[in-house]
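Each of the next two complexes has chain A plus one more chain, namely chain B in the first and chain C in the second.
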Partner chain A sequence: MFPTPIQKASGPTRLAYQIALPIALVIWLFPLIGVAVTSLRPASDLAAGNYFGVPSSIAFENYASVFRDSPIGWYILNSFKVTIPTVIGAVGLSCLTGFALAVYGFRANLWVFFAFVAGNFIPFQILMVPVRDLTLKAGLYDSTLGLVLFHVAFQTGFCTLFMRNFIKGMPFALIESARVEGVSEWQIFRHIVLPLMRPAIAALSVLVFTFVWNDYFWATVLVQGQHAMPVTAGLYALNGQWVAAWHLVSAGSIVAALPPVLMFFLMQRHFIAGLTLGATKG
Partner chain B sequence: MAEVSLSNVKKDFGAISIIKGIDLEIKDGEFCVFVGPSGCGKSTLLRMIAGLEDISQGALRIGGRDMTKIGPSDRGVAMVFQSYALYPHMTVGENIGFGLRMTGHEKAEIAKRTAAAAKMLQLEPLLERKPGQLSGGQRQRVAIGRAIVRNPEVFLFDEPLSNLDASLRVQMRGEISRLHQDLGATMIYVTHDQVEAMTMADKIVVLSAGRIEQVGSPLELYHRPKNLFVAGFIGSPKMNFIPVDARPHNGGIEVTLPGGATLQLAGTLAAAGKMTLGLRPEHASATGAGDAVLPAKVQLAEHLGSETLFFVSLADGTEIAVKADGLAAERPGDTMQIGFPARACHLFDADGNAVLNGDLTR
Partner chain C sequence: MQHDPQPAGFWKRNQMKIAPYVFFAPGALMFSIYVLIPIVQSIWISFQDWDGLGPKTWIGLANYVELLDDDTFYVALKNNLLWLGLYLLAIPMGLAAALFLNQNVWGIRLYKSMFFFPFVISQVVVGLMFTWFYAPDFGLFSQMIKWLTGSEVAILADERYVTYGIIVAGLWPQTAYCMILYLTGLNNLNSEQIEAARMDNARGWRLLRHVILPQLAPATFIAMVVTVIGALRSFDLVSIMTAGGPYGSSQVLSYFMYEQALSEYGYRMGYGAAIAVVLFLIMMVFITLFIVRMIAQERNR
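What follows is the complex of A and B.
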């Protein structure tokens, strides 16, 4: 087997592994640990210059005051208002486009597919000015709807690539067999392909959710006012308000980072590999 | 009534012609087997009948209706795939009833028909399982169950047994034959295994490279192969082919066998020439009984208990197989006398077409 399982490696290799792994882990997690510890540090510690030492007490009230003294709850709500429709829109659309591209051999099939793939290679930052102008003209500037529409547009390319390849990997005989049984194309999509796509839908949902939730670029380009501002851009605004209140900024960051993590654990049980097991000979 | 008729049906994939003009009539209720070597276009032809491949040229009629341009869902046929193609997320019961559910049948009707199909195929204890929890033979039965609940007039099978082990294959062969007797539906069955074809078919269609070589009942193909291809394909072990010189002689045919012995065959021949003599291993005599006797050296002896299969080489090195008694004692290196009975011999001309078929009733 390659790579050799670490349990079977020689003694010194195993020892080196056991030492290196925790070190790598700590280095990797250091910024996160720093933020987490700071978020629980009372304000007095920071005032006394205790930036990196052990906190003098655990200050859960930091979290309460973040919610009380700032509009972060509102920002988080905005983030949900942007992220959830985007996930539904991008994943839903790409189920349909992926199905069409994987199942039907129409003439322009490959070209349409390439168009979706090629979109992924455009660095989206260069679209900043035209997209902003477009949203302004369309009356979508400074609204969550505008963000949703543009996120859906930008995410659908990658999602289509992902879904098309996933459906291509299914045994095509399943679709043919249903056709011979007199099942309509829409029913085939709805009752055979869609249920089998569950692992792909779960994986993509988490990916898109995380990406859109963490998006800062479009949030600042397309939104100005508090009423539509997602939490990423909102935190930046708080940075200005709480110039030296790092404990509060840290607590806000932790709160803002939680939803993607929760989303991952929520969706995890759907990532069952081998769902098509037993469809064919096997 | 569901007879299937193909007239001059052709299929091209791009510039490559795969099915090169098939004319075929399959009667209502007939069990028709397409047999031929791998890659000869059997599956393609079956899929064209199912509607899964377009028909490039020609016409297809099922039950008298022109189906050439009709989609698969409207042809009223059922197909069992080589890979079974069971829906992995549905239970056995749901798999069987799925087609009915999607085509708007009532719940009670679906339940009744599913139960009947499950009973017929002994699937009753498995109805709640998922396909992943079934053995190969059970999956195969579910795939057949899915086909029979719809009461189709035409069943299509694409090598349904090729993924099963040998003993299960024999058992399922019997079950499919019984199903055919019970349902009386038209069945078209694709296989590359001539034993399956011989044991199940009313009518065998031998295909090679996209063309029909011969159509006939199993015994017709066995006794009267039209050409070398069919002669070599039908029958196990294969028919022996021996290069000979043949000429007209005394109102019959005289052939010179390797080593110089001659054999008189009934029949007429227009001109002399190099030809191929065909003799099945079961018709050659290991004890030297026959109208011509040739010495041969044993190369290999396979003792199967009920019979012994000798592979022997003739004077010119031609290897032939001879079926002998299970107790035959010759060993490799021994010399045997092989008898050629004239009435069992086939003769093929230089183009491979049969000039003469043996006639065991003579």
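What follows is the complex of A and C.
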């Protein structure tokens, strides 16, 4: 283990470490703590110049007011309407493509791999004009479906690589022996490989959920009106309306950040397993 | 040999040849329509004058010539380099955080999750947090500066500091990302090698440099990839915090492109596409380097 376990260090060092931990955390999360406190500060405190002191009361009222006086609840619903179908679509499609790339010796395998990796890292701007045009022509501009289709296609690139590597790690003999038994290729996929892919499916689902929930660029490019706007773009629009009403901006920010944060805490192991794929074996 | 009364169906006979394509087709089709073909289309559009609605006019390299004469383009390019250089700091900072947290004490798992927090939050929220943090009069950061130096600085309204201010906001989640990559790497160290090195009296820095870092190379590689790509992709924070201002001083190529293509003074899709192509070419240099290495790794496996 590196660094040397703190248990082997002297008493004062151990104590210093235990004290340093919470201090470092508070410094690290300073902007977040500041916003969280502001979101619970009554507007009168801000007006009176009490920006940093103890709030004169805990104002859950800010949260109520954000939901009551702004369409943020609607925006959040839109975000779910974009995110959940995308997760299902992208993970579903990539189970198929990942299986194809891992199990069969494609002649073009290397080029396909190249296309998916490159496609994953390109700047969104190179896609912006044609994708916007395509969405307009399909009559899907300003709709959650338009966003879903793009996100599914784009996330499929990343998910395919992930699935391919995951399936490559499975014992190939399993598939071979099933073939000898005369099991069809679809049955092999459905009954042998798919059940073993559960951890990969879980990891990708949380990752895609977070990526798509947090997307801002496409939400501004493919959506204009309130009725389809996801919460990232919505929050930006509201920020323009709530000029200097920082208690509302803060409460809105916390609300918008909450779903992926909850997702992360509930599925932490899968999230990190997905994110750090490739960080251990070279 | 038993004679089949009915010849096996077409699918049964040919499934090994057809199956790969059947599995592959739906995903590949979507990816082509929304990613691969649009890249080619963008390159095509960059040679046109187009407002997004009317007919396109072929103007050859005129968009690129105009770009070379556009001052904002150079500001954006310079800022992109700045982003790239400073963003790489996330890697050593992430390593430091990972080393600090790689202990087995009570509650350490919760600490690790909390340190990772900034990465999970949307960049829109990160941008708003830092806007508030930097705000003159009541922002925590500007209060600290005032307390330290006696004068106030409005970071996001000052052409000298604005890009640095945004990059710091970006480093926050990026450092968390690198930290988690290194924590995973540290979890998988070869302990025999470390013990052997300790026997040979290697400690601290020397141990880190000669034994630990080489073992962390895969984590460092991934951290490099995501950080370089992240730096060049930076859009959200610029859009949220300054919209490229003041006076275009915090422009980056990604935002410049968006602004030109969908500007309120009329859509210039061709010009925007030309900017996107330049950014694409810059990123392709890095992407190609990364892929060459990935393929080499794949072969060695």
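The criterion applied here is as follows: the second predicted complex is superposed on the first by the 243 of 282 C-alpha atoms of A that agree within 3 Å, B and C clash if a C-alpha of one lies under 4 Å from a C-alpha of the other, contacts with A are read in each partner's own complex, and residues count from 1 in each chain.
Just so we're on the same page, contacts are C-beta pairs under 8 Å (C-beta built on N, C-alpha and C of every residue); 3 or more make two chains touch, one makes a residue touch a chain.
These figures come from a predicted structure and were not determined experimentally.
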I'd like to know which partner A:P55 touches here: chain B for first, chain C for second, both or neither. neither
Once the structures are superposed on A, label A:L110 by its partner contacts, choosing first (chain B), second (chain C), both or neither. second
Quick one: is A:L174 in contact with chain B, with chain C, with both, or with neither? Answer first, second, both or neither. first
Have a look and say if chain B or chain C is in touch with more residues of chain A. C
Once chain A of both complexes is superposed, is A:S184 in touch with chain B (first), chain C (second), both, or neither? both
Per the contact definition in the header, classify A:P42: touching chain B only (first), chain C only (second), both, or neither. neither
First (chain B), second (chain C), both or neither: which does A:P195 touch? first
Using the superposition on chain A described above, determine whether A:G157 touches chain B (first), chain C (second), both, or neither. second
Interface residues of chain A shared between complexes with chain B and chain C: 184, 275-276, 278-282
Can you tell me which positions in chain A touch chain C when the two form their complex? 1-3, 5-7, 17-18, 21, 24-25, 28-32, 34-35, 38, 46, 49, 51-52, 93-94, 96-97, 99-101, 103-104, 106, 110, 112-119, 121-134, 149-150, 152-154, 156-157, 160, 184-186, 189, 210, 213-214, 216-217, 220-221, 232-233, 235-236, 239, 246, 249-250, 253, 256-257, 260-261, 264-265, 268, 272, 275-276, 278-282
Contact set on chain B toward chain A in their complex: 50-52, 71-75, 77-79, 81-89, 98-99, 102-103, 130-134, 136, 139, 146, 150, 156, 163
Chain B partner, complex, touching residues on chain A are 171, 173-174, 176-184, 187, 191-192, 195-196, 275-282
With touch defined as at the start, can you tell me which chain C residues reach chain A in the complex? 12, 15-16, 19-21, 23-24, 26-28, 30-31, 33-39, 41-42, 45, 52, 99-100, 102-105, 108, 111, 113-118, 120-126, 128-130, 132-133, 138, 140, 143, 172, 177, 180-182, 184-189, 191, 194, 207-208, 212, 217-219, 221-222, 225, 229, 232-233, 235-236, 239-240, 253-254, 257-258, 261-262, 269, 272-273, 275-277, 279-280, 283-284, 286-287, 290-291, 294-295, 297
